[in-house]
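Take a look at these structures.
Same chain, two partners: subunit A is paired with subunit B first, then with subunit C.
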Partner chain A sequence: MDLENAYMGRILVADLNEGTCEEEELTEEMVNEHIGGAAINLALYKQHADRNPIVFGTGLLTGTFAPSSCAGVMTGKSPVSGRVCHVPLSWQTAVEIKYSGYDFVVVLGESEKPVRLWLHDELAELADAEEVWGQDVWQTTDKLRYEHGDDYVQLIGIGPAGEKGCRVAQISEGAWGSRDVFGMGFTLGARKLKAIAMRGLGSLEVADGFLDECLEVQQGLRKGAIFEKQGLLALLEDLGVSAADLEPIQQKVHRHSAAFNCAYAANTYLMIDEPPGLLEESKQDEPGLLLNDPAGVISLLFLKEGLPVVLREINRQGLDPVACGALLAKEGVSEAEEAVKRVKALAGEGVGLEDAGVENVYGLAPWPLSEALEARLIQAVSIFSHAVPLSPLGGGWADVSVGEDPAERAQWWLDRMAVSSILGICPIAALLSPEFGIEKMAELGAKAVDWDGLTEEALLKQARKLLAETHALGEAGGTVPSSWASADLDGALEKLRQGWEG
Partner chain B sequence: MELSVESLKCIGCRICEYACNYHHDMDCSPNGASLMLHRAEKRDYFGMMVKREKDLLLARPEGPEVVPPGEQVEGAGASSKPILMRAPCDLCEDEDEPFCVKACPTGCLSMVES
Partner chain C sequence: MEQRDSDNLRVGVYVGEGASHSWTWFVDLMEKYSYSRLRLIEEDDFPCLAPEQDVLLVSGGDTFAVARALEPPGARALEDFLQKGGLYIGSCAGAYLPLNSSKAPLSTFNFVKCRINNLTRDLPPVHQMPLKFSTQYGCDYIYHPVREDVRVRMEEGFPIWGGREVSVPLYGGPPMNLSEDIVSRAVYTGFTERTRFLTEKEIAETVYLGKVAACEKFFGKGRMVLLGPHFEHPWFPEGNDIIHQWIEWHVHPERPAVSREMNKKPGKKKRRVCKGVLAPQFQKDFKREISNMRIRAHAMTRQSVHWQIGAKVYEPEKILHFLDAIWKRLEGARPTSSGMLSSGLQEVLVEQAAECNGLLKLLASKIDSREDSEELAGEMFASLRSLVVGFLGVYFSSAGGDVGAG
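Then we have the complex of A and B:
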């Protein structure tokens, strides 16, 4: 196995109680047993379980030439579901973790004072964060990038919501939100960890022929119908949102952006304070915001033209937009100005959705739009973030050879999420193209590190093991709303879980 | 033939930087690439910079700008300066097609007649 083609070979253990950073080796034995990403995260979580750890990890293919290899994963106990969960990291953050010199970062315990972790070129430092404690996500991002003298420093951090103990506080990736629906912003805030910043000039070796094979896969992906368009709004249309509902924000679209090495630009910038057709650099510092969360946007569509302004505030406060959308709808708040005030107040209230009387499953707001049983199954499982769409994109279930059985559909999604979180492939890309299935991902992984044992069967086995072992750490707490409760749901859940043990 | 950059097709995925670096250094990183993405993230302003033999091409969204050596560029921050120290683009002279053109998923980068 050529590990230097995939990993830097380092695990960082940051102890917030002691204020120390220590390195451990990422061994070939660990990779052989767990492959990478969420699976190694979980092994590290269990190793340090008595210290309430959170683990930030990269996949086997994160940061390589493999298409859509932008992803990483954060593993920890969610304050809202009460169980261990795996949150996808995307944009540029996971790649920068690896290139800063570390494949996995384990954070233990709690700090007495606000701190931040700075990773750069195989060096790690826990530094004081008093200067940025209390600042919103955008202010924090600007300040830390300025301090480190580099606009390309990437950050995973929290805003005031996480600092103040709001249970629907979300981790942020740079200035933008993330796909965290598990309240992991609360988890960082509770241990006074304001941010992890990273920047590095690392590099990976490359197997002969790997680049060519990756480019061939990328060209195949681009033949899918959805690639005739770009952007988050095209994804939302694919999910069934009407053009009429999207029109108020469609008018503000500026440009579309992709995460690292992604052929589909799944992020769309909306101009709020400048004309959307502006091509020159704006003289304003913050003329708009980047949409990167399909579920969050759908949750807020009822705000119509007010959506961008409200979502901007949600981003700044470091809140989960899905939860905010559910709350605002429940309270009948639809005017932008009032919604912004409510969002600011929510960030400081330290409450969960139950306090606001929002019906939810296991403490989580339901995925908007879908009442399909497979969607409810996925949310009831509560292991991977349901901010990622819950069905194939750019095609239907028939295109991925999955029938009508809800448990089979839920398992298809769970398998895709598990495999993509182990390899470091963008979870949205894992839904986008039938051609980029688990077999093809396994082929690329095997080629990358010269590992004959990394077959589709081995990858799927690791995925099911990840599900079983995460589930074994504890069921999600909470109750199923009466509108959801059914023998069908219980029976299908049991069928799923038996499949993981098989 | 020369490298053309259609800036509005760029989606900022950065695979071109990594592919270019692979041509120079045979590893996976952006550090030795002859081109580099400039991004002012919160303003959604981004485009490629290409170090050429005799100048620097800034493929701005509003239109290209060619900068002779030594000239100051308005708005250039510390993060953009590393491009000045890179090897100039050689159009991957030993290859049938530049690696960046092969890797670009949108056709932003292409080869055109000079």
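Then we have the complex of A and C:
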């Protein structure tokens, strides 16, 4: 195996109690046993379980030429579900972790005073974060980018919500939100870890023929009908959101952008304070916001044209938009100005959904569009972020050769999420194209590191192992909405779990 | 000159005032060909050139600034070095320096009679890179119709490469007219798809084609080699080998050196292994400063900014060139518990790096606020040059050779 084609070979262990950063080697044996990404995260989590670790990891293909190889994963115990969860990292975040010289970052313990971690060129420094503690996500991002002299510095951070112990605090990726629906912003705040900033000028080796194979897969992907479109709103339409509901946002669309190496531009930039058609340089530092979370947008659609300003405040406070949407809806707040005020207040209240009487799944708001049994199943499993759509995109179940059995559908989704989190493929891209299935991903992984043992079967086996082991670490707790509770759900859940054990 | 093998040949690389980043290319080349007795030479070292060096390498930069810094004693030291059998290899500014000139301070370096072919009173229209296109020279202009790759043919009789054409990069170096005192060793023969034309192609053809790209003049046992293009550029292994052949030819006129480039077999590229030895804590502290500088400098390269320092235009890319000269050696250096540095010297280097980093941060801040940053850039580049010279001196010392900063 040519490990240097995929990984830098380093694991960082940052001990917040001791204020130290130690390096460990990422060995070929570890990759052989776990492949990468969430599976290695979980192994590291178990290794350090007595210190309540949080693990940030990159997949085998993260940052390579493989299509949509933007993803990484954060693994830790969710404060709202009490279960171990895997939160996808997207945009440029995971790629920058790897290029900064670290494949995995384990954070242990908690600091007495606010700290931040700076990863750059195989160096890790824990620094004082008093200067940014209390600042919102945008202020923190600006300040740290200025401090390190480069707008390409990527960050995983928290806003005031995480600092103040809000249980629906989300981790942020740079200035924008993430797909964290597990309250991991609370977890970082409880440890007084304000941010991890990364910038690396490292590079990976490339196997002979790998680039050509990646280009071929990329070209194949682009033949799908969805690739004729761009942006998050097109995905939402594909999921069944009506054009009329999207119209108020559509009017503010400025541009679309893809995460690192992604074939589909799944992020949409809105202009709020300036006309979206503006061609000259903006007069304001930040006149809009980036939509990158389909579930968050759906949750807030009832705000109509007020959605962008409210979502911007949610991003700045470091809150989970799905949860905020559920809370605002429950409280009947639908006017933008009032909603912004409520969001600011929420960040300081340390509130959870249960406190507000919002029906939820293990403490989290249910997927807003669908209560189909497969969707309920996925959320009840609560291992991967259901901020990622719960069905194939750009086509139906038939296109991915999955029948009508809800358990089969849920398993298909869980397998896709597990495999993409192991390899570092964008979870949305993993739902976008029947051609980009597990077999193709395994081929790319095998080619990248010259590893014959990485077959579709091996990858799927690792995925099921990840599901079983993650689930086994969870504690009983939480409820599902009363309207969901049924013998069907219980039976299908049991069937799923048995499948992983097998 | 006493006959020496390449591993005990004493090679000096000029790194003084007026030298731009391209001297680091000569350092790379010497390391690549295992010339281990390498010394970085500044103005103060010139009086001892003759007894202490066998080869002197002078790369690009600001020719006027080099001449001003060396002063007449430097010119006399150079003459003494040549008369005693030394080999001078100058590229670009290093080639302009010893050409005949009537203008001070260059007039003290009139070693070679040949005239350049890129001198004009009336500049033709410039199509791109106007700041790189010309330099005033009295009432005339030295102008540069092309940049980047050019084709040159080595003259028959040159070891190994005689009669062959190679590509080498041109960044303002001279096209020379043949004169009685020089022997042409290479002529400009053409352009490539990577050639950048700063003016009409026809003008470029007139200025360069058929003119001397490399020549030499003998001074008793010594010789002066002048190269228009940067044969020492690390991306041009054929050009590198030609310089190596020239050095070996000078030392062993009776037998050609083995050509690494011609005999190399295709295969997987191996990472170069450096031999430097650095103490781990120093390596970490120093690396932190250099990494922070690299990140900031990379960000600067995305901005439209340049500085006129002396007669040369500097861009942020040059900061990266200097930093990379350190970085790639930090990457390959073997840490040991003892290292080869006194703790005092380690502290000095780390402090120097922190100071340079501070200047770079200030420079970035001035750029952001659109303030004039030229003076500060000059200060920062001087600090950076000094840092690189200091580090490389230490690095090569620790590699086991009889080498170091001047």
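FYI, the second predicted complex is superposed on the first by the 500 of 502 C-alpha atoms of A that agree within 3 Å, B and C clash if a C-alpha of one lies under 4 Å from a C-alpha of the other, contacts with A are read in each partner's own complex, and residues count from 1 in each chain.
Note that in this section a contact is a pair of C-beta atoms (placed from the backbone, for glycine too) under 8 Å apart; a residue touches a chain by one contact, two chains touch by 3 or more.
Quantities reported herein were computed from a predicted structural model and do not represent experimental measurements.
Look at A:Ala263: by the touch rule set out above, it reaches subunit B but stays clear of subunit C. When the shared chain is aligned, subunit C comes close enough to touch A:Asp121, but subunit B does not.
In the superposition on chain A, A:Asp488 makes contact with neither subunit B nor subunit C.
Applying the stated contact rule after C-alpha superposition, one finds that A:Asp151 touches each of subunit B and subunit C.
In the superposition on chain A, A:Glu305 contacts neither subunit B nor subunit C.
More residues of subunit A lie in touch with B than with the remaining chain of the pair subunit B and subunit C.
When both complexes are overlaid on chain A, the residue A:Glu501 reaches neither subunit B nor subunit C. Contacts of A:Leu201 after superposition: both subunit B and subunit C are touched. For the contact definition in use here, the residues of subunit A common to its subunit B contact set and its subunit C contact set are 149-152, 201.
Interface residues of subunit B, counted against subunit A in their complex, comprise 8, 11-15, 18-19, 22, 25-29, 31, 39-46, 60-63, 75, 77-79, 99, 102-103, 105-106. For subunit C in complex with subunit A, the residues that touch the partner chain are 284, 287-288, 291-292, 294-296, 298-299, 360-361, 364. Residue ranges of subunit A in contact with subunit C, taken from their complex: 120-123, 125, 148-153, 199, 201. By the touch rule above, subunit A contacts subunit B in their complex via residues 63-65, 99, 138, 142, 149-152, 174-175, 201-206, 211, 215, 218, 222, 230, 254-263, 265, 269, 271, 279-282, 284-288, 290.
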